[in-house]
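Next come two complexes, and both contain chain A; in the first it sits with chain B, in the second with chain C.
Right after this comes the complex of A and B.
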């Protein structure tokens, strides 16, 4: 890695002040499992001048219910999310999604905030310097997206605009189905956005000088069934080819509410609103699940090499609903 | 170096295999620079070459060490962020006075749980962390704990047997 100046931030405010001082030339380091790849591969056009370690900020790794909200600090480790008795019991889709991430070692290091803020995995974008990169593309300010005409087997089937990289975060998918929100802080104050709006086709909602402080989820009460299913070629390590998270309430055999989120299909997790509406009041059966799956994917516009993702998504939705 | 050096009185404290190190920050070969990974510091600065680096991007587990009780990837960790931490590497498993191997290491030998051996230190560290938390794991739990350790030589089957054998012995 090339040299940089290093800081340990001991409070959120300190991290924000440093971000402001460096005005775009500093980056935060949480677990480092994504950032260090970027620093080693040098695939971004600008190498940061400073790294700000935020693991030294105390009391930002909590997982607790507080009134009608579940609150998780940005520094909670994925392994803590996986092992939290509270999450296992009442927010299992999130615990399962975290468990599906990478490997035990990565989960011991990676934070929930970092998982949501991690950079995309497009192989053109990440082509490292030591084998001939970086490669310029639309996301890096050039004219064309190389994946649009190149090998796009793992790219978006819906919602891509200019860039067709998919949101790599598994926890984002579960949080989308749980109606989660991301709390963002900057030197000018705090705001909160729904997880589905956090991810943009060319980046995310964070503006220069901002960071994620907390993840909040409306408290789950009553009987709901939650699932997180992820299709990969190998079970550990691999990123999702498609994933589905669902949160459904089916009292007395009829669906009262269904929330279905699709992952790795677009720049953000995609809520299958048409399917959710259609399911309301209906019994859950093989037939209604199949109809819902079809409704969920009607908006899909696959690229040359990834129409197979449509079928996988439909199958995962059917399994999630009928499991 | 800039601001950091002044703010932090320039010393970095690590405990590695029970031994305490006070390392200066800087770019000399016996110092730690901000861009040094823990894998680099262990191997190049402290001479503990038992920890291996293979993919150098978080995917293979060859560089696994135990930090404060948990397995982590030393290739994805900045040494400068480990101040005050306690690290165990493969060199720290044998008995410091008798040099007798840890039962887990012996089990790897007894079951020939390696071929080229490059993944082995990482495998053993993951298995060690598991057995410390769960001395009598099921085979499934062993596989789960080793899911982040890759072996190009396909020693996995023998590794699982070795870990199961070591766990039975430690009961």
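Right after this comes the complex of A and C.
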């Protein structure tokens, strides 16, 4: 680690002011579980001059229903998300996704906002400085992507462009299926984007000087079935090779609405819209689930070493629908 | 057997247990010294390059920096076999190779200084594949190794050191075979033994030519010997070992890290601590060699192997210190597993531009079996031979023999392990679960179960020499001097137990001297599987020697002959008349009695472990789940039941069973970067995912030492990997021969990926 200036922010506005003052040379620290590995591994080309601790901002860890909207403060810890009776009851896909992250110790520190904003896991991107120097890439603003031709077993099978790293957030996948939105604040005001639009191939929607303030999910009503499945090499403490979140309503044996989100397949969680459309009005069976899974992966274009992810994604969709 | 002993075979608290679990144990990194500096290493970004220029002015100008050393500043210290690898060289040979060393007042300053060293390289072409490296136009790593072939043979093992297995007449052997199978097999995934504590050292140099090194090693006396040679045989080294946070063989040699600390101390006159980070541990420290074998075997209908012929390519990375030894031991161990009269197996050790391979438990035999058992399985399948029956039949039996590492023939004089194997098979339910080759044990929807079996054993239990002293004190206590560190197995406590048993002293009356080379006699250390037999024998003999001297001294006082005496609890008494007694303090308070014990190498005994595994394969995702392991062995005599269980349960870690499931070091074979040098991407089983492990332990007395024990040592990791591939192949009904069995490989073996492969190219 290198020296940096440390601030405790006591209000969102204070954090934003500091971000503005440092103009790209400061980073926010919520739980710190991801940030610390960047600070220690020094894999980024530029080291932050300042760390702005936002854990000291009061009243930003709420989980509540507010009219037609579920609202979760960016600082809600993953363990809060896991244990919230409200989420367990009505937004279980999100609670399950949060539960699938890391270890109890990490979940006690990590926040929902941080889980959404965490950096990618690409092993070229994260190659540590201390063993021959960091590896440059398009995401770092310089060289070509080594993963495109190198060992890309964990990389994108759809939607990669310039960078083939996948969105590492599990909660983003559940939120994508729940039609979640992310509320962003900056010194110039507030805006909200769908979770699926938050992630870009070379970064995310946050512009310099902005931060995530809240996560919004339209209130779930009626009988819906929610599932979150995550495929990893080991269990627990592993990032997804593929994950799937599904929210489906099947009144009287026919699918009224299906929302299926795929995780770890592209730079953002991917909604399987073709499969969702196709399922409407159909009964859910092994056969229709398999058809939907095939439809969901039609657009997949795996890299040299990751076509297996296509098969795993199909399997998870099938299992999520029929579970 | 256990009942007649006071301590042996009984669970007794480990001497260091309380300190470890309460955090009191002082590991290497806990040691602080006045004026101590911290060392860091600048590492190469290129897999192969010449250093054209190094500018260290800026680094030296940073306040707190005390020394910056490059290849131009250091003496010509060399490691390797033969000694050819300079401690700092003008040439770098892998991504992460040492370029410069920094000593500074804090770790942070040392780290910062690394970034201020400017290096200009002339990048050279690199080679990452052993067969590519053997081609005539391949980049050459060393002038001393034309064609990147490492000189075979291990000087330490003598002039006839085993470099190949050539015996009998393979042509004739193939002529007698009912089935001949051949193919290419690999064990190339470079699993890292990964002890929790990374390698490191603290060194204090004293002019003109003396150095004290605090080490973290399983064999601290050997650091003195290794460094003596590395430092051109004119530096007097004292090595001090302490509690070692695991080694699994790997930290047996840390000469580079130790040399770095010594060089920095030599340059500054201050003690220097240099501990690798976990990333360095994974990316630049030694790991298992990679192996590739092209071979042919002949087999008769009854499971008799008639001939083995082939080449065994061993990728040692950028240099070799011990790979020749690994090949020699591996060649010996494979003969213990397969009784075959006709061999022509030719190993070739190759250098490539990745970090070096070094010692890892299983030492050659695991690598060779991971390839040979799948090949033998092809023949067994053709002949419908049950692999359990095959392995049982072919494992060394009393009266059989083998050529061991020194090139000499030894006749095995231990027990027949068939009984332990059969007991293991019954515990596992092998007969019920084995449905024939490539047949699942059970099918449940998309999941299938399969079983496999593997075996390993080695005559390393009696390798190399050990020496020990036991000193008796007039207050009825004793101290063992044996240069053994505690590297996690509990052996230090076990040696105390052996001495206490010989002297019939309460355990708390026996202590063990620090593992300091200055005060202890020669000790090769608990390497191979030699702890219980070799080191134990030296400790027992030293205790017996001391006891004999005590009896000689006290016999006149009891008016009898020494042979008539016995001792317990610090009292010497006449056998048959215990009332005629005298306390140890009768030796006089100004006296101690020292006994000496030495163990001479003996390769006529071998240990053995058979592992049975059951896996479940999800045929729709390729996921392999390990459900159950049964390990079967005969240890002669259990010394410490919980310690033994720990050794056997160790079948999962340190590049063992899981090297067939998910453990691997991922090397980018175009750039030379190790991509998964962290514990998220290096897949390592966590405790919530442990399978059921049942251990079957028999105790048939061995003609080893006083307690008839042989131990299990390092062997627990080795039978597992090939057994896992066998189990997966049986579960999915088709052969899977690559380590580890990733979801991609399982799905490819199942033929599921053929469609996806066509669509490859650009997400």
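Quick note on the criterion: the second predicted complex is superposed on the first by the 322 of 323 C-alpha atoms of A that agree within 3 Å, B and C clash if a C-alpha of one lies under 4 Å from a C-alpha of the other, contacts with A are read in each partner's own complex, and residues count from 1 in each chain.
By definition in this document, a contact is a pair of C-beta atoms (placed from the backbone, for glycine too) under 8 Å apart; a residue touches a chain by one contact, two chains touch by 3 or more.
These numbers were taken from a predicted model, which means no experiment stands behind them.
When the two structures are aligned on the shared chain, A:252 is found in touch with neither chain B nor chain C.
By the touch criterion defined above, A:130 lies against chain C but remains apart from chain B after alignment on the C-alpha atoms of chain A. After overlaying the two complexes on the shared chain, residue contacts for A:237 are found with chain B and with chain C alike.
Among chain B and chain C, the chain that touches a larger number of residues in chain A is C.
Legend: residue contacts after superposition of the two complexes on their common chain; A:1 is shown touching both chain B and chain C. In the superposed pair of complexes, A:29 makes contact with chain B only, with no contact to chain C. Once the two complexes are laid over each other on the shared chain, residue contacts for A:51 go to chain B alone; chain C is not touched. Once both structures are placed on chain A, chain A residues 1-3, 41, 235-237 are touched by chain B and, in the other complex, by chain C. Within the complex formed with chain C, the chain A residues making contact are 1-3, 41, 121, 123-124, 126-128, 130-133, 135, 146, 148-151, 153, 155-160, 164, 231, 233-239, 241, 266, 300-308, 310-312, 315-316, 318. Partner chain A is touched in their complex by these residues of chain B: 1-4, 7-8, 27, 33-35, 37, 56-59, 61, 64, 70-73, 75-78, 80-81, 126, 144-145, 147-149.
Residues 43-46, 95-96, 108, 111-112, 114, 277, 279-280, 283-284, 446, 620-623, 662, 666, 668, 670-671, 673-678, 680-681, 683-686, 688-689, 742-744, 747-748, 752-753, 756-757, 759-763 of chain C touch chain A in their complex. Chain A contributes residues 1-8, 29, 31-33, 36-37, 39-41, 51, 53, 55-56, 79, 102-106, 108-109, 235-237 to its touches with chain B in the complex.
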